[in-house]
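Written below as structure tokens is the structure these notes are about.
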Amino acid sequence: MTDWLTPEEWQAVVLSLRVSSVAVLASLPFGVLVAYALARWRFPGHGLLNGLVHLPLVLPPVVTGYLLLLSFGRRGTIGAFLDQFGIVFAFRWTGAALACGIMAFPLLVRAIRLSIEAVDPKLEQAAATLGASRLWVFATVTLPLILPGIFAGMVLAFAKAMGEFGATITFVSNIPGQTQTLPSAIYAFLQVPGGESSAARLVLVAVAVAMAALFLSEWLARSVARRISGA
Amino acid sequence: MTDWLTPEEWQAVVLSLRVSSVAVLASLPFGVLVAYALARWRFPGHGLLNGLVHLPLVLPPVVTGYLLLLSFGRRGTIGAFLDQFGIVFAFRWTGAALACGIMAFPLLVRAIRLSIEAVDPKLEQAAATLGASRLWVFATVTLPLILPGIFAGMVLAFAKAMGEFGATITFVSNIPGQTQTLPSAIYAFLQVPGGESSAARLVLVAVAVAMAALFLSEWLARSVARRISGA
Amino acid sequence: EEVVVFAAASLKNALDEIAADFGAETGNEVTVSYAGSSQLAKQIIEGAPADLFISANVQWMDEVAKAGLLAGDARGDLLGNTLVLIAHGKDAAAVEIGADTDLTALLDGGKLAMAMVDSVPAGQYGKAALESLGLWEGVQAEVAQSDNVRAALALVSTGEAPYGIVYATDAAADDNVSVVGEFPADSYPSIIYPAALLTVAADAADRAFYDALSGEAAKASFEKQGFTVLTQTQ
Amino acid sequence: MLKLAIRHEFPGFALDAGFEAPPGVTALFGKSGSGKTTIVNAVAGLMRPDQGRIEVDGLILSDSASGRFLPPHRRGVGYVFQEGRLFPHLTVRQNLLYGRWFARMKDGARFSRIVDLLGIGDLLARRPGALSGGEKQRVALGRAILSNPRLLLMDEPLAALDEARKAEILPYLERLRDETGLPILYVSHSAAEVARLATTIVLIEAGRVLAAGPAATILSDPATAPVLGLREAGAILSARIEAQEEDGLTRLATGAGPVWLSRITAAEGSHLRLRILAQDVMLALQRPSGISALNVLPVTVRDVTPGEGGVLVRLEAGDEVILARITARSTAGLGLAPGMRVYAVLKAVSVAPGSIGTGGP
Amino acid sequence: MLKLAIRHEFPGFALDAGFEAPPGVTALFGKSGSGKTTIVNAVAGLMRPDQGRIEVDGLILSDSASGRFLPPHRRGVGYVFQEGRLFPHLTVRQNLLYGRWFARMKDGARFSRIVDLLGIGDLLARRPGALSGGEKQRVALGRAILSNPRLLLMDEPLAALDEARKAEILPYLERLRDETGLPILYVSHSAAEVARLATTIVLIEAGRVLAAGPAATILSDPATAPVLGLREAGAILSARIEAQEEDGLTRLATGAGPVWLSRITAAEGSHLRLRILAQDVMLALQRPSGISALNVLPVTVRDVTPGEGGVLVRLEAGDEVILARITARSTAGLGLAPGMRVYAVLKAVSVAPGSIGTGGP
């Protein structure tokens, strides 16, 4: 394997894995919160929040990347603010993770939201009568029941993050070892005549990683579902 | 509005709408079928099908586009075959729809699949005891119950299709009036000095269209959900 | 008659103008599909219905030629471009570009924005220039590579990167950047936009447009965007 | 005629049951967790038993030997589930009519009759989500009946209903049984319901058939009485209404002699099944007088079976058998022994409407 | 002490109910769809009534006037739902212990006692999905009881259970009522269950309270008898076990004189509530002899209430009241009139275990 990929490509693989995992894990709590809010609460900004969440899906990735640059870049309003606390996204792998996280967010939220909507509120009521506060009800009833949806959302988001390219490269560009993810490396190969076979190699790696994640999530979801169905 | 957009841009808007709608509507039956198969059937190729469905998510869009070009292009194996029957995707708006449909397919399938998994098989059994065959059970029980999930999948897919760019431009190029969708037009503007404001205008149009679709789907899903909850 | 042109995306402003003029003059309709040169070349090879191809570099035109898709006689180097060093801000101090320019000190911990140095033409040219000046080794680690030259420009324009290397054509139009130096013409291979008629081009209108590209009106349009118009096409 | 012989293993529970159910109502009676629902599911085709064969009127529904397994939708069973299972997206009316789309024969007139009977006329336009427990159960009942099945499966269909509603529905089920000849497999915990409706009773315990046979036999058998519950032990008499008398009583002719009961709303001449609970029967050595009980039947003691909770005395009354449950002290006090001639005393109000069924055994 | 007065409108159904429930079991009794579950939901806080006030032992649970509404998890109610609502992802054991996490006091010893009582020891490691109907209901019952609530709400908790299991659980509920003083709101369609458990009975009809009061009063009131079902009309006697006699009988001292019943498993000296169903009581002008019935009580006729299905005769027996239901013909035949001295005859086996409750009213 190490022979098959150059050290730089190998670096890109590792970085992509890191970026995608961090993107998914870091956005998960927000994803669950937003999904819960959208599924269960009615509040004035409901439609707006919903629209915002879907935005990265509609916008061409370049535009999302550019908007990220404007807001989270060093000179961007949010970026400058976070800079004070030593949080920097620009040209860091963290920025790649941010871009991937945002691009994957609609997928994460929608999967979780669908699962939440499928949970019978009567079970949550039953938990409440047994003394569980809203938070406890969520932790002990809702959350375990939506695990399959969470896994589904995570794998969608992970796959999306593994493939995300436009927003990432626009936001944090492509610095080998720091922000060069698999898709940028693949893109680079496709830009030169005869680069197809090298690109194909990297594509295979990306696909293999994503499929492994997919099978893991299917397996987890199925084992949870089996438990719930009571067999 | 017609003043605000040039005729060519206006064309791109209309084309994008057409491409996205066709992509969503044409892929819907397949989406439902595949989602049902993945949710309810156990068969040898289950994992493979599942992986295949997720592929467009993992692959950088350019790669998907290139693969489409290789297979559905005029010289591609499938393309050449379909050409005999007068079905041509290459460099037509239908090709853009194909690309968008494929890119959006994982989102469509996952949303529908999650909904199907949430349907209580006991209700389907009840329908069977009343004489409904599998197909009838699906049409009269499963399908109405998963409508919210179908709407969710459709809006995700539509939003994705409205924003899809990499695969489309790689597969069918960016020919005004034929294959130039909104995102491709936005891309072209961003490639030259001074194109930003035009790009921004088009981005707003894309966002507005997608948001309208989003609100429509939310409204539909909610009215279905309200009916089901029995109030 | 319809003329379908596949052109590198960076030509949009100039070509749109030329196409409109041509259409008004001859009544023929010119449709231009703008995308990356690599995408367009691959599409042509896969049978795209393009009559003309204008590439942003020679390599991809060569690929099309190799596939035997050029109408034998009509290929020429249409345009040239130059590489410049840009800096964030309207009135950045000029930089003398030569073998002893201390880029690292200039960057002061910031990044040098370029297009992808191994695959995207503007990046390839930039890397060649830096190499021939002996600056590449020192600055290599500080280079932020974008997928296209416009994205590199955006990094400098937003101030994310203090300096960048882009085409003169791109630098000219952006108010937030200033051109602080030009790379010596001999430090990088000449930047060439070749144009060619393709085999599928059948009708007279296609050739007429091909010819018009090297006409006076076109020349003005190209130069307005900062391109150098090269020796005439045959 | 339903013939069934199946085996199935769940982890921790083994079912091994076989019985034949002649036309009429076959009641499955047994403790919670004894396997009743599992049997019904097997008949409906919702569960494929590991082994065995199920046959209805010669049609093989499932046979592990030949591998035949008719899918549920081709079995034509109407199933009233233990837990409702109404379609949440359809209105009550649509739920009720669901089976009609697929029914072998449509029968429009019945719809409004059944809706009236079940008292769900006001609910037709509503969706099931917010119905009360009993309302749901009534809709489920209607849905199954309206699907025109060839076999009706009812898993505790009346458990959530009040006595008044039950009292309205039971006669309808009896008519269904008698007029249409529809075989019904009926699960219930209520011995009274079972006794009233059942033609055949199958007692299930821990997945096995403990006893099966005609209702009259099982109910009056001192051996099976403890399983059904001692309070439900009793005999079934065939009776014919002879006269509706003026002071609110009905005179019946039975094999044991004339019997007066509180008014039964049925035409003179109609045939009934009376269930006389053993605990409602008092024995006397001489014909008592000056008492409120109206029915005093001369009987002969057939046998005396002591057991827990009292002594069951089987009595011959004409050509019928009556069961009496009395205390050991009274048995001794009266010196009861087989062959002795005594009087059975029965209050006219003792026989509950729930214990009077139409049709012969 | 639960005080409740609420109004709520659903489309097509209006609830307007108020009653006070002293400690003990308060039974809500009424037809399907009369609003029982709605009331219980309001007490649990799962439904916010349009108007009204609910108070338990001085704690205001909900008050529309002040806008106060205690959320469900802070009410400390244990709710046995009409439809189970077990957590599908938790094992039976985890379901049972769920409330314990939040309980005010933990009480480890009770767990195994309740598991044994409910017969769910074998199910502890299973998940609820594939449990039988009755098994689910038993787990739900255990879950609510084990949450150590300050108020227990039970919506038809025993509907899916067989008589044998009921007979085991009812005494436990009685002990719960008597030993812990836990107030219980109990919905049931079974008048027998209600009569046995209830301290207070609230009759609901179409969203309104028809009658409410102490169980003994409501049950022996000829006016409310038709609502409860004529067959369930009867009087409640306080009794004390005097002796467990050798031949399987128990001698009880009551205000009406000594009464012998089939063996009651309780210690000598313990206090019981006996429900004597009106239909089980026979009247005689002279003390009968040579009969199997063991209990013959001298009584005085207080009043005679003719109605549908017979005549209700209220009898004074010592300082207690007994109700008898006989036919109009017998009433005339015996010439019954207030003040007349007659004999009430009661079989020892007539009083079912289900009708004997512990603890005096």
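Labels for the chains are A, B, C, D and E, by order of writing; each one numbers its residues from 1.
Operating definition for what follows: contacts are C-beta pairs under 8 Å (C-beta built on N, C-alpha and C of every residue); 3 or more make two chains touch, one makes a residue touch a chain.
Which chain is which protein? Per UniProt: A, B = Molybdenum transport system permease.
Note that the structure is predicted; figures quoted are calculated from it, not measured.
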item: Mutual neighbours - chains that touch subunit B and subunit D alike; value: none
item: Chain located farthest away, centre of subunit A as origin (C-alpha); value: D
item: Subunit D-subunit E separation of Cα centroids, rounded to whole Å; value: 26
item: Averaged-CA centre spacing for the pair subunit B and subunit A, given as whole angstrom; value: 20
item: Mean-CA-position distance for subunit E and subunit B (Å); value: 60
item: For subunit A paired with subunit E, centre-to-centre distance based on mean C-alpha positions, whole Å; value: 57
item: Subunit B residues counted as touching two or more neighbouring chains; value: 62, 66, 187, 190
item: Where subunit C touches two or more other chains at once, by residue number; value: none
item: Of all residues in subunit E, the ones touching two or more other chains; value: 83, 126, 130
item: All pairs of touching chains, each written as two labels joined by a dash; value: A-B, A-C, A-E, B-C, B-D, D-E
item: Complex interface listing, subunit D residues touching subunit B; value: 44-46, 71-73, 75-79, 81, 83, 85, 87-90, 98-99, 101-103, 126-131, 143-144, 147, 153
item: Residues on subunit A engaged by subunit C in the complex (per definition of touch); value: 62, 65-66, 69-70, 73-76, 90-91, 165-166, 169-170, 172-175, 179, 184, 187-193, 195
item: Touch list for subunit A against partner subunit E, complex; value: 122-123, 125-134, 136-137, 140-141, 144-145, 224, 227-231
item: Interfacial residue positions of subunit C with respect to subunit A in the complex; value: 36, 38, 41, 59-60, 62-63, 111, 113, 116, 118-120, 143-147, 151-152, 154-155, 158-160
item: Residues of subunit B defined as touching subunit A within the complex; value: 47, 50-51, 54-55, 57-63, 66, 106-107, 110-111, 113-115, 117-118, 148-149, 152, 155-156, 159-160, 162-163, 165-166, 183, 186-187, 190, 199, 203, 206-207, 210-211, 214-215, 218, 225
